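Below is the structure I would like to discuss, written out as structure tokens.
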Amino acid sequence: MMKVELRSDNAVGVAPEMLAALAAANHGTELAYGGDTYTEHLHNLVREVFEHPSARVFPVTTGTAANSIGLSAMAPPWGAVLCQHNAHIIVNEGGATSMFGAGLVMKGLGGDSFKIDPAELESFLEATGWGDPHVSQPAVVSLTSPTEYGTVYQPKEVATVAEIARRWNLGVHMDGARFANAAARLGCSPADLTWRAGVDVLTLGATKNGAMSTDAIVSFDDAASEQLVYRTKRAGHTASKMRFQSAQLIAYLTDGLWLELAGHANRAMERLAAGLGQLDVGFVNDPDVNILFVTMPPDAIDRLAESGVLFYRMDESTVRFVTAFATTDEQVDTAIALVGAALG
Amino acid sequence: MMKVELRSDNAVGVAPEMLAALAAANHGTELAYGGDTYTEHLHNLVREVFEHPSARVFPVTTGTAANSIGLSAMAPPWGAVLCQHNAHIIVNEGGATSMFGAGLVMKGLGGDSFKIDPAELESFLEATGWGDPHVSQPAVVSLTSPTEYGTVYQPKEVATVAEIARRWNLGVHMDGARFANAAARLGCSPADLTWRAGVDVLTLGATKNGAMSTDAIVSFDDAASEQLVYRTKRAGHTASKMRFQSAQLIAYLTDGLWLELAGHANRAMERLAAGLGQLDVGFVNDPDVNILFVTMPPDAIDRLAESGVLFYRMDESTVRFVTAFATTDEQVDTAIALVGAALG
Amino acid sequence: MMKVELRSDNAVGVAPEMLAALAAANHGTELAYGGDTYTEHLHNLVREVFEHPSARVFPVTTGTAANSIGLSAMAPPWGAVLCQHNAHIIVNEGGATSMFGAGLVMKGLGGDSFKIDPAELESFLEATGWGDPHVSQPAVVSLTSPTEYGTVYQPKEVATVAEIARRWNLGVHMDGARFANAAARLGCSPADLTWRAGVDVLTLGATKNGAMSTDAIVSFDDAASEQLVYRTKRAGHTASKMRFQSAQLIAYLTDGLWLELAGHANRAMERLAAGLGQLDVGFVNDPDVNILFVTMPPDAIDRLAESGVLFYRMDESTVRFVTAFATTDEQVDTAIALVGAALG
Amino acid sequence: MMKVELRSDNAVGVAPEMLAALAAANHGTELAYGGDTYTEHLHNLVREVFEHPSARVFPVTTGTAANSIGLSAMAPPWGAVLCQHNAHIIVNEGGATSMFGAGLVMKGLGGDSFKIDPAELESFLEATGWGDPHVSQPAVVSLTSPTEYGTVYQPKEVATVAEIARRWNLGVHMDGARFANAAARLGCSPADLTWRAGVDVLTLGATKNGAMSTDAIVSFDDAASEQLVYRTKRAGHTASKMRFQSAQLIAYLTDGLWLELAGHANRAMERLAAGLGQLDVGFVNDPDVNILFVTMPPDAIDRLAESGVLFYRMDESTVRFVTAFATTDEQVDTAIALVGAALG
């Protein structure tokens, strides 16, 4: 029985273009630890793609590394990172930000559609005891876009949060583990989605979109960049053979490959959502990108699990479907049919 | 104009008995760093007062030190400390627990009367991804009793929480910054309020109840005790002249001085609450011990602030009153009269 | 002009067999974060290769990560890691062990041939204030083999150090960033070089020997292994697409590829050392593996730097040559000739 | 048998003047956590005594706290603190600096008379891989004066080290656990010994010189001061009843009490050294202040230990004698006589 993979965009392999980039980079010798020509090229490319004259890029192995190390360069140990209470950094990274941040704490705020509510952010900052050392001092707002629940911040929404942050002297971080999916959906320039809207440091995910264990911190803030040289190294994330991460990221960001791969995943989800929308199920979120949470009767989920569709069950009556750059129309249609059958 | 001090039980001085103990300890020479005869005596006394054969006591300077160092000895760095969301450790200690715990995180749970809701605790633990390294692993429940809002856990309530914790292999910590006030109110033995109800490590506050910058970690858990020898030292909390902390704590725990001082503060609050109860104000909490949050019209608070009563204003229409071991009936009656006048 | 790469074994690329393994692993979908079939296979393979029934393997990105995270699982924060004072962990990892170890310190000991002197180790342990919290408590001995200076611990030397460590209740760690080079040189079984000689946790390097940013922690100690599940994740080193690391390591450890690659590098150094030995230069170390430090007149070094040989200059009159799995006889002979010419 | 206390200046009690200051401060109520009038006074007094317009003072419980928290405010986590290899911070504080510094490392340098050798410092800094994240970046030089071995840096020696530090952009820290003993010996102004010679942050010891568990961080550096507000609090060293620490320090620094007490201890040591100098023993150090290490035959030490003199034995044939503010001439003469007798 053919399996339809809808568990995670981490479950698929590596995009052929990036595998080819690895092979192509495997000749000659290069200085280690980022002193290679690929990484130099990558820096220039990131500045070009993000239209920023001094952006710096730090390839790391995982999104957890990118988020937690990036945040540790933006906040003092007595600071607080504010995020929506469902954010990956507070729920799913084992406290990495608090470790790398030397006791930096995270505070979860509310908000609809899994996004930070600007009014709640403003109230939180107004109620903060600024300068009172009893109180963890808010230092960064971290936005996850797309969110863990597949919704996306519009550039204007980013700007609204960032404007509040700026007014209170907080930095702005974006967890963009699926940044390409957001960019592909919104059709905005990377600059408009990040630093032009107020983002200082970005986690630029690539692994979920076809790379091989390669994400990156993109810093638009010089002070953070200086710290990151040291912070990535002592976290064990400065690969000696960095050229292979950089080569992948070069392929990724060249000629729009990243948007193409992510656009494919998004369209697969559109097709899936359109099909499921005809069935008797509920949607927990707007599938802005490649993630959809669906409610259906428990026994139907039980049947679906036996049917060949691979997915995550969140609770008795909720499942998560995630499409990827490799998801085919045939797989989507099969999944729709199998859900229909499971519903009986 | 005489000021009536109702801001904090930290604002008053040192109880005469403890000041006398300092002077009495100031003769002869003693080994430093806890090798003195006073500290040895204190260990025996704590075991007697708490009816526990192997309890150990670690004098430290502040409640923040006692809480955060104590918790760091109970949880691995990848753990989570669960507490009520208003707990001092999560709101008012500048992230100390996360620092000493090497990235240990705190999670705030709900609950009425500022106490942890056992059902919510149980649900949280049921929903936890045990063994999943993405998820901070719950390792300790920390109870604050009395709470920051002047309510008290009944021994049975402690036991209910502790039983849940035990079932899920969590340790139980009690922030007893005002432990004597709880013991005095409940009339229970210290043992019944702590280890017999399931508490492993206690912050035994004394400073708010008449001591001079001396609180203590009381550990009923041998594994934690072994760690605390090292953890207190490298936190800079192992005083060379520990005898002066120990001498105070000996005076405190001898002949019920601690309960007498705390009972006095509690009774002052009873008198205050009885008087205020006759006026047109609201009570935010049951004043189980020496803390009362009161709502009254903003302009009345403005007038009260001019009247000679010292208090903390929490927001536009809420104030906090705290009585102490040194509060007199006359001060209480003056305060009641001034509140009455401020209400107009 | 053809360049002869002798700067570092990090400067060469990826061995064809491991690149092929990446491509071969790129089909189908797999559970993320180590739940894949490759990683499962790798665990079994490591147990087989190391002849240990419960060894566990944790792929990470760098040797720094492997060393520092591994050590943090072996020592309490108030502990000390003892190593030779030239060890990579104390000289070249930016304090990573102290960071991941939450303030764990490193102490450098002396010793000939860049190896720990057992007598000095014993003296250090005898002079330690055990149980005195003023004193960082020795908790682990970390051996680097091969050392940074290309010398190798004989199994008996490992056992001598480990026996001392064991007697004082210290764990034994081995930084084996070039472990395969040692194994190839000594012709011993991996088990004899590690756990049978007393090693608890091994950094198994692969990157310097042909892998693509993939080293691993191999733990023979169950308590450390349990911690490492959490410690690797919150360090951002648990790759979602771990299968690609595992696939490389499977290729590496299968059919002796690792020993073949390392043996090649060792033999290239033998050839180089034999050639240089005919010239008027000095050797700082015995080139047991693929590293040689050579002294020569400063102006000869200046000329050599212009000649096409790539190397590191350590000081005015010392250079480092490192061979790799990809070094050819022709390159070696060219280098010898160019050194001869530079000497004039 | 009367005991003569020569183990430690920590073993004696509290100077009467400081005990009196505690009692005198025990009236009325005061704002907690340093918002009191005593602490305000102390700030002004420190600025006057140290002739510095913006110095700030942070009372803490121990010298370990003062050193480690002070250093953590002067260096990034990837930094290194350079000190003489016998320094208290590296030998006797259980790694506190590495903990509070989030993995900050300490490097021990050599030097005669237990003081940093400026030439070795300069060489170390010259050999450092600046900007290389593999290498812990030197960020602070910490001088201990008086040293653990009772020697003292002359102002000019401080300035020499500080000038080197400044040239390489390092901060300068002074562990002055016995600062008053140095000041009393040298007859220099506190300013000349500290900031005028280049010191940025000072541990101002008081406990060893008659205070009750009260030392202080004195910061001449505004950036460090801002951090210390938060760092002391989250270390649990911001006492709610700070007035009692401040009242002691006010008494200490007023009318030269600190110099008088320290001068007494120094003179007791002069007397002791003069007497011992007549006997057949060796001196390990110049007793610049109140500490003397003496070599004598092992069996004589055995006899001395039985004689009523309390001292620390460092090894078979070395003992440490420390005088204090409370040491009497009679005690000194008794000690000399008993050493004479023990020598036989």
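For reference, chains read A, B, C and D in written order, and residue numbers begin at 1 within each chain.
Methods note: a contact is a pair of C-beta atoms (placed from the backbone, for glycine too) under 8 Å apart; a residue touches a chain by one contact, two chains touch by 3 or more.
The shown structure was predicted, so the numbers you read here are calculated from the model rather than taken from an experiment.
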item: If a chain touches subunit A and subunit B alike, it appears here; value: C, D
item: Pair of chains joined by more contacts [C-beta pairs], A-D or A-C; value: A-C
item: Most widely separated chain from subunit A, with each centre as the mean of CA atoms; value: D
item: Cα-centroid distance, subunit C relative to subunit D, in whole angstrom; value: 41
item: For subunit A paired with subunit D, centre-to-centre distance based on mean C-alpha positions, whole Å; value: 50
item: Separation of subunit A from subunit C, taking each centre as the mean of its C-alpha atoms, in whole Å; value: 33
item: Per-residue multi-chain contacts in subunit A, two or more chains; value: 33, 77-78, 93-96, 99, 102-103, 133-134, 230, 233-234, 238
item: Subunit C residues within the subunit B interface of the complex; value: 33, 76-78, 102-103, 131, 133-134, 137, 227, 229-234, 238
item: Residues of subunit A that touch subunit B when the two form their complex; value: 77-78, 80, 91-96, 98-106, 133-136
item: In the complex, subunit C residues that touch subunit A; value: 3, 5, 7-8, 10-14, 19, 22-23, 25-33, 60-66, 68-69, 93-96, 99, 207-208, 212-213, 230, 233-242, 244-245, 310
